Amino acid sequence: MALADHLIFLPVLLPLLAGIVLLLPPFHDNLERQRPFVMAVNLALLLVAALLLGKALQAPSVYLLGNWQPPFGILLVADQLASLMLVLTAILAMTTHWYASAGDDGRGPFFQPLFMFQVMGINGAFLTADAFNLFVFFEVLLIASYALLIHGGGKHRTQAAVHYVLLNLIGSAFFLIGLGILYASFGTLNLPDMAEKASQLSPDNVILAKAGGLLLLLVFGLKSAMLPLHFWLVRTYSMTSAPVAALFAIMTKVGIYSIWRVHTAVFGDQAGALSGLASDWLWVLGILTIAVGAIAALASQTLKTLTANLVVVSAGTLLISIAIGTPEAMGAAIYYLLHSTLMTAALFLLAGMIQEQRGQAQDRFVRAKPLPQAVPLGIAFFVVAMAVVGMPPLSGFLGKVWLLQASADSVHVAWVWSAILLSGLVALVVFSRAGTSIFWRVQGQAGAEIKAHNLQWLALSSLLMLAVLMVVFAGPITELSNSAAEELFNGLTLSQVVEVQP
Amino acid sequence: MLELAMKITAGMVLVAMALNVWRLLLGPSIPDRILALDTLYINSIALIILLGIYNLSALYYEGALLIAMLGFVSTAALCKYLLRGDIIE
Amino acid sequence: MIRRIFPMPVHSLLLWLVWLLLNDFSAGHIVLGGLLAWGIALVASPFTSAQTKVVRPLLIPVYFAVLLWDILISNLDVARRVMGPNRSLRPGFVALPLDITGDFPQTALASTISLTPGTVSVDLSSDRRWLYIHVLHLDDEAELIASIKQGYERRLREIFAC
Amino acid sequence: MNLLWIPLLPLLGTLVPLLTTRWERSQSAALTAVAPAISLVLVLLCIPDVFNQQTLQVSYPWVPQLGLNLSFHLDGLGLLFSLLILGIGLLVILYARYYLSEKDHMGRFYAYLILFMTAMLGIVLSNNLIQLWFFWELTSISSFLLISFWSDKTEARKGARMALTITGAGGLALLAGLILLGEVAGSYNLSEVLQRGDLIRASDAYPAIMVLVLIGAFTKSAQFPFHFWLPHAMAAPTPVSAYLHSATMVKAGVFLMARFYPVLAQSDLWFITVSLVGLSTLLVGAYTALFKHDLKGLLAYSTISHLGLITLLFGLNTQLAAIAAVFHIINHAVFKASLFMAAGIIDHESGSRDMRQLNGLWKYMPYTATLAMVAAASMAGVPLLNGFLSKEMLFAETLHQSTFGSLSWVIPIMATIGGALAVAYSLRFIHDVFFNGEPINLPKTPHEPPRYMRVPVEVLVVLCLLVGIVPEWSVGELLRAAAGAVLGQTLPAFSLSIWHGFNLPLLMSALAVLGGGWLYYNRGHLFAFQDQFVEWDAKLEFERNIQRITTAAARFTEWFDNGSLQRYAFALVVMALVFAGSPMLELEVALGSRPEQPLNWAVIAAAAMLIIGTITTVVFSHRRLLALVLISIVGLIVSITFAYFSAPDLALTQLSVEVVTIILFLLALFFLPQHASLRDSPPQRIVRDLTIASLVGAVVGTLCYAIITRPFESISSFFIANSKTGGGGTNVVNVILVDFRGYDTLGEIAVLGIAALGIFKLLAGMRLFVPASDYRGRPWSEDKHPIMLKKVSQALLPLALLISAYIFLRGHNLPGGGFIAGLVTAIALIQQYIAHGVDWVKERGVSGYHGIIAVGLLIAVLTGMGSWLFERPFMTTWFEYFKWPVVGKFELASAMLFDLGVYLTVIGATLLILANLGKLTTSERPKAGVSD
Amino acid sequence: METVYAICVGVLTTGGVYLVMRSHTFSVVLGLTLLSYAVNLFLFASGRLVVNQPAILGQSANPADPLPQALVLTAIVIGFAMTAFALILALRARSDLGNDQVDGRVRDDVLNKRKKSQGE
Amino acid sequence: MTEWIEILVSVLLIIGGTFIVIGSFGLAKLPDFYTRLHAPTKATTLGIGSVLMASMVVHTINDGSVSIHEVVISLFLFITAPISAHMLSKAALHRRVEHLQSSLSSHNRDKAARQLPGDAELDADAD
């Protein structure tokens, strides 16, 4: 086994090892040493993810942990979708970490190792092809997110954490029940194995498996902020520190990704009586999620709340795309997911920078002193806002167009289009209000000379650059999204895994 | 005969445990309840050992050992709580 | 020097014995148990404060034999009382004046009293001169005190020379 | 290739003003004009080809997945608009150089303006539906930036927002329409779509497509009832008004109608909708314009009216009407742009735009007045000026059309009334500003503007005259080319001459002029009449509506998301009930075919204790210490249950976790109220929650029952078969944990370690009230560390360590393992903390638990990586049996090293949590007096 | 026996679910503990109930399904970590917010009632 | 297993069970906390000891080798039971848990007064 064959495991191993090393001398208690170390690790992760993606274009990489034949050991699969998510995570981690290294990381202990553990959890969830292992990595990413959420302290953060943590704990309980049911009916928790067995279940087991599958949908829905399980999100995201919120942008996407993995791949077209298990629910819930998110966005009084509500809207949009259930819709959804993750992150980072410069007024939409760095921040705001609203020439518009195209043939086209377009309009209204009140409704003179840290600018501008690159290179990216979607739809069965294993 | 003796003993242990629960619910004071819980722990050692005898298996032994050890720790902690509020100070 | 390498020989010996009890007396376990007994003693030694010297170790088995016997006999007595009507009980608190000193000997005495049926060591006075005892059925206080002092305290003082 | 440069050059040109912003203003302006000027030259070079009926095309693949290509074409319509955009754009650049003051950031202004120019060119040159929309939205954005250029003014901000909202909404409708169109046509290539008109009109989606596209057009072109944003966009600097809001952007809407005329027109639905909207816009605009005191307001409503006129023309079901529409697009752009510029000059030089102040300016600026009067006359439709020609064509076509069947005669009458109103407001513009007495309280004394500020107006006025006098010579060919693109077929014959003889349209013109004169003469009555009505301020109304919607949204959000976890949890639980319960409705019987195992008293008794424990825990949950004691029963029974059902490892784990949890709870309870201080919930809620909880319990119980009574096949036989041979251990559960699924365990200890770090973070800087007495006011005991507890705890430590070693070492083959051993060790150490206190333990050198966690995790990970050396995947086990003298045979396995990692992590994590929590109180505890 | 087992799981679930919907952090954590008992028993039972056949080679002829046991073990540990975090978080909330309510504030209806009773 | 051993084990078990049940019966039946404290701490300990002995015999016979590791459990119980009782009674005294009105006072009572509940302070603990 060549070293390159272990490549697929590096997205988990590297951050784990890094997190551990950061707890030990000479790194512990020394941010100056931790920062460049983590930056290097993030860069390596990006490289690894890119290499994996390159490999996945030929064939998915698989990794048999413990060298046990699937379905007995735990299986890792890096197909195109997983690799793409790894790339996204790496980019997000890298940029948010730059931002955090401008000083946010020093506002409490263990930020850097926790950051690494967070990345490890997310990557683990993307790579695993085992339902229980997915649970384990959900917990890894959750516990790390709990710890990161409270980073910096403050009572609002604590309050948000109470809700977030307790709800997720309840969710985890149902996750385990769902896994119990699935194991009881499938006799395995290996996803490709389940996919293969799905069509051969006895009628009774089909019914039980449905309950299990839907409970998993509940949990994934909770993670991805599906109505009415979305409540936790807004406070959590809007109360936490900017880099953490930005990193969390990927968190709801883990839920979406899991639905793809489980409900598209296992309970997909080939699953016989189990196929399309989730889509009936997702239509309604997706549209309602968009509606509620958009209404709350209208009511938002701060930039972070607004951003958080837009995360809800994007979650609803992605849920609908799952409900449509065609490879094209999923391709569109993948592109939209990439875009919305990056732009949400950018917006959170930007909100953080604005907050720092606006003093008492924070990121609230009220009249206040002019920002010391109004021009560059204003330009950044304008760019992100256009991207998020879905205005050309930035990535949002392509995502929107593609989603509309993909849903044009669906039965619920009127609802879906209304939801997508009207939520876009709402975003337009709220962003124009937000922008004008933060940057233009000013009084008095700019306060003390506060300048955003260069690392903060680097993080923000990198993300903005990506919004542009996603348009310029939209051709290859959409092609990739499409092929990832088709690969997922074709499903990866156990026998195929055995074929491609090294 | 052994079978019968085991059943009788198990029955007695179960009655004892039921009595512990009874006292636990009745109280009236919190030390009463902790005492009842402590006794419940100890009686469950008997139950587990009986299970081991019944199944002719040595696998239950560690369970009993741990209960013996852990029951004490939790009783001590509970009492410390009543005494000082803070159990680790 | 030896104290540093073998910090708690008695403990080690006991641990070694317990290890053999837990497993078996095979050669492998004798070696492994020895290693563990030594290692654990090494690790745990900081957690033990100054040891109370056992002056007459040979008396320890005697003490235990007496204790075991008392436990057996008086358990029957307690069983009878427990099964009897509550009315006939005459419980009471007794303060036992202590002659014995030292943390460990006092603990041992109090434990002994608790283990023997009919009496429970309730508390130790803050000046450590009195041991409060609750008695399930108190007939004659003086006799009780005398029997404790004679039966257990004396023996313990002999063992620990305190 | 040249085609691509036409929009591309201005795009690159946006950088010019930004880069030259520090330069001398005229130089900067001149350089800014270079890129559009070259583009204009490029367009002009294309003229011969276009006039020869050729359509120039250029296309590059961009996003083939979406049918989106970078694709431009230039036909007659595109040519016409490109000329307008670039030509007037250049004049505006010149004009703005003088209009903007020193304070204004001219570079930024020009950048926005050129960006807008690019966007407009993109629209008119697009040969791809999505690309067209792309540029369409870009115009909304750049116009937002231009309107809000003076962002410190409230009107500018609000006007810009309103414009963006309305046109943005229209843009979204347009997008929907275009995608539908593309999907129906099977292509997003505009040229292809334009050839599939029949297919499209036959499709079910046709009405939707038409309505959606028209909404886009109407909002952009300020058609009634979407017209209200345009007057408020006048908060923009006047060059913007001249360029965007008269000549170009508002024409994007009518351009759209023209562009899709071959596909979407030709149906009654189109003609009725478009003509009605056009007609009402024409009248509403013209009528309102008459009453505006603001010069730009009058022009704005006049623009609305003229846009209505063009729309009306597109809605009349004759081909000549469409040609007239195209013609009027040109004419209106020319005279209205010049009028706006004139108004800007007046404003600039007099300091006011209010016609009640502005009087008799003729005396002060005769030259400008002349220019303005010519342009206004064109607007009024005076002969020999371009406005007259297209209006005559309108009047003619209103007579030829049959849009409303037998009611079609209404249209000419309405058109004539509209014409009269136009004459009236044009008269007002001329008379009220340049004559009508003396100026009143003007901020500045008016005078003629700088020389070059007049040039653009002059050019445009000359154009008015040129087209008005020699139409065929000046624009005939252009008009034919453009109209040809609109009609998409050979054009009907038409003549562009001034004189068509005495006919009905001429009569209508005459009536309009006379009527207009009469209206203006009697304006006093009209104004008095109009004054009865409160003026409808669209901006206020719009803001109010947005505010209303926002308030409603806020109210809804507040109601829906009341910030209470109880609601969130309720929603989650209800969803779980629905999700888990709904499939169960299909299951006919819960009982499966697996025979139920016989019941015995022990099980019944245990179950009874468990149930009692559960219920009492719930009932007494507000009496917290009691609840803690009660829940311990449950934990104990659960452990015994695991032991009973052949899961000794689970029993041991559950037991040890149980004790640590209780200690944790106790530590926490010290700081929490011992009793729930407040009533938890109102009775209704308790009933509701109990009902839901019972339902969930019932569903979960039924699921459990259904599962365990059904036969089962799983992959587990593999584990049993390979545990010893492949994993080297006989305790299959342990082998699964450290080998088959060791990766799960790695994740699990990572969770534990991270949790400990997180808890450390939570504890850092926590300030808690340390109660000096218990909840009933009883002081705490003074005996911190009872001596007997101390002594025995000391004695137990080595014993407990030995036992944890025992449990650790046997784990691979018998119940036990690193996790349980770790917990036992941790508990033994916690016992030391309880008995001796934090300081005592610390003095003995035990601390730095996060280091222990790290070392534990590191050992586990490195063990896993060890297999790399043997070219095996992560965590591939190695084990070997050794036979040594004396010691005998024994096994060494990498799994044990991994388990050591687990062991250390567990110790580190548990102690990091408990010891730090314990530490919280130690430093400054209030002394409580003993009650004696 | 299966019936009794399922009833116990149901009762534990009911108790846990009811408590997690309460308004005090302590009750909720208590509820989570009950719920995790239920869940662990449930997951454990997915391998079916077997008496006296531990999955130790050489000790049982027909050993119980070891996989759910291993999964439950993992779940127990993770549950412990999570409970610990939640509990300390509850403390932190008490410290930061001044009360032990899950929402960090006393519910409006309770407050009103309290005010009313004080007014009387 | 020989009959002799079966009898031995049975007797040990029955004795153990009896003590266990008596201990818990006392816990349930005796009138106040302090008297209740007596029953389980010893009867139960003895009972468990007896059952453990039965277990030792059974497993020794069954495994064919000496199995006396149950001694460790007994050892544990004998060490810890008095401490548990001590801590419990300390806590009860501290909280002034009610004792039987008829409890006799000793002549040393005065010296003990600080720790023991005075009649006036009797307090039925409600939690």
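Just so it is clear, A, B, C, D, E and F label the chains in written order, and each chain counts residues from 1 on its own.
Keep in mind that, in the parts below, contacts are C-beta pairs under 8 Å (C-beta built on N, C-alpha and C of every residue); 3 or more make two chains touch, one makes a residue touch a chain.
Nothing here was measured: the structure is a model prediction, and the numbers come from that model.
**Q** Can you name the chains that touch chain C as well as chain E?
**A** Touches both chain C and chain E: D.
**Q** To reach chain C from chain B by way of touching chains, what is the minimum number of steps?
**A** Graph distance in the chain contact network comes out at 2.
**Q** With centres defined as the mean of C-alpha atoms, identify the chain lying farthest from chain C.
**A** D
**Q** Using C-alpha centres only, name the chain that sits farthest from chain B.
**A** D
**Q** With centres defined from CA atoms, tell me which chain sits nearest the overall protein centre.
**A** A
**Q** Can you check how far apart chain A and chain B are, centre to centre, with Cα atoms defining each centre and the answer in Å?
**A** So the centre of chain A lies 48 Å away from the centre of chain B.
**Q** Just how far, in Å, is the C-alpha centre of chain E from the one of chain B?
**A** About 22 Å separates the centre of chain B from that of chain E.
**Q** Between chain D and chain F, what is the gap in Å from one C-alpha centre to the other?
**A** Between these chains, centre-to-centre, one finds 70 Å.
**Q** From the mean C-alpha coordinate of chain C to that of chain F, what's the distance rounded to whole Å?
**A** Here the centre of chain F sits 15 Å away from the centre of chain C.
**Q** What are the residue numbers in chain A that touch two or more other chains?
**A** Chain A, residues with two or more chain partners: 132, 136, 139, 143, 146, 150, 153, 162-163, 166, 170, 177, 180-181, 183-184.
**Q** Give the residues of chain F that touch two or more other chains, as numbers and ranges in rising order.
**A** Touching at least two other chains: 23, 25, 37, 45, 69, 72, 76, 79-83, 86-87, 89-90, 94-95, 114, 127.
**Q** For chain D, write out the residues touching at least two other chains, lowest number first.
**A** Residues 563, 565, 569, 573, 625-626, 644, 648, 669, 700, 703, 707-708, 712, 714-715, 719, 740-741, 744, 747-748, 751, 754-755, 758, 762, 781, 783, 786, 788-789, 792, 796, 799, 803, 814-815, 917 of chain D each touch two or more of the other chains.
**Q** Looking at the whole structure, which two-chain pairs count as touching?
**A** According to the stated criterion, the contacting chain pairs are A-D, A-E, B-D, B-E, B-F, C-D, C-F, D-E, D-F.
**Q** If you look only at chain A, which of its residues touch chain E in the complex?
**A** 132, 135-136, 139, 143, 146, 150, 153-155, 158-159, 161-163, 165-166, 169-170, 172-173, 176-177, 179-181, 183-184
**Q** Inside the complex, what are the residues of chain F that reach chain C?
**A** 19, 22-23, 25-26, 29-32, 34-35, 37-39, 41-43, 45-46, 65-66, 68-69, 71-72, 75, 78-79, 81-83, 85-86, 89-90, 93, 99-100, 102-109, 111-112, 114-116
**Q** Per the contact definition, I'd like the list of chain D residues that touch chain C in the complex.
**A** Per the stated touch rule, the residues are 782-783, 786-788, 790-792, 794, 797-799, 801-803, 805-806, 809, 832, 841, 844-845, 886-890.
**Q** Please output the residues of chain A touching chain D within their complex, sorted ascending.
**A** So the residues of chain A in touch with chain D come to 1-3, 5-6, 9, 13, 16-17, 20-21, 23-24, 28, 63-68, 71-74, 108-110, 113-114, 117, 120, 124, 132-133, 136-137, 139-140, 143-144, 146-147, 150-151, 153, 162-163, 166-167, 170-171, 174, 177, 180-181, 183-185, 187-188, 190, 193, 204-205, 207-208, 210-211, 214-215, 217-218, 221-222, 228-229, 231-232, 234-235, 281, 292, 295-296, 298-299, 331, 386, 391-393, 397-398, 400-402, 404-405, 408-409, 417, 421-422, 424-425, 428-429, 432-433, 436, 439-442, 474-475, 478-479, 481-482.
**Q** Given the complex with chain F, which residues does chain B contribute to the contact?
**A** Residue list for chain B touching chain F: 1-2, 4-6, 8-13, 15-17, 19-20, 22-23, 26-32, 34-36, 38-39, 42-43, 45-46, 49-50, 52-53, 56, 58, 61, 64-65, 68-69, 71-72, 75-76, 79-80, 82-83.
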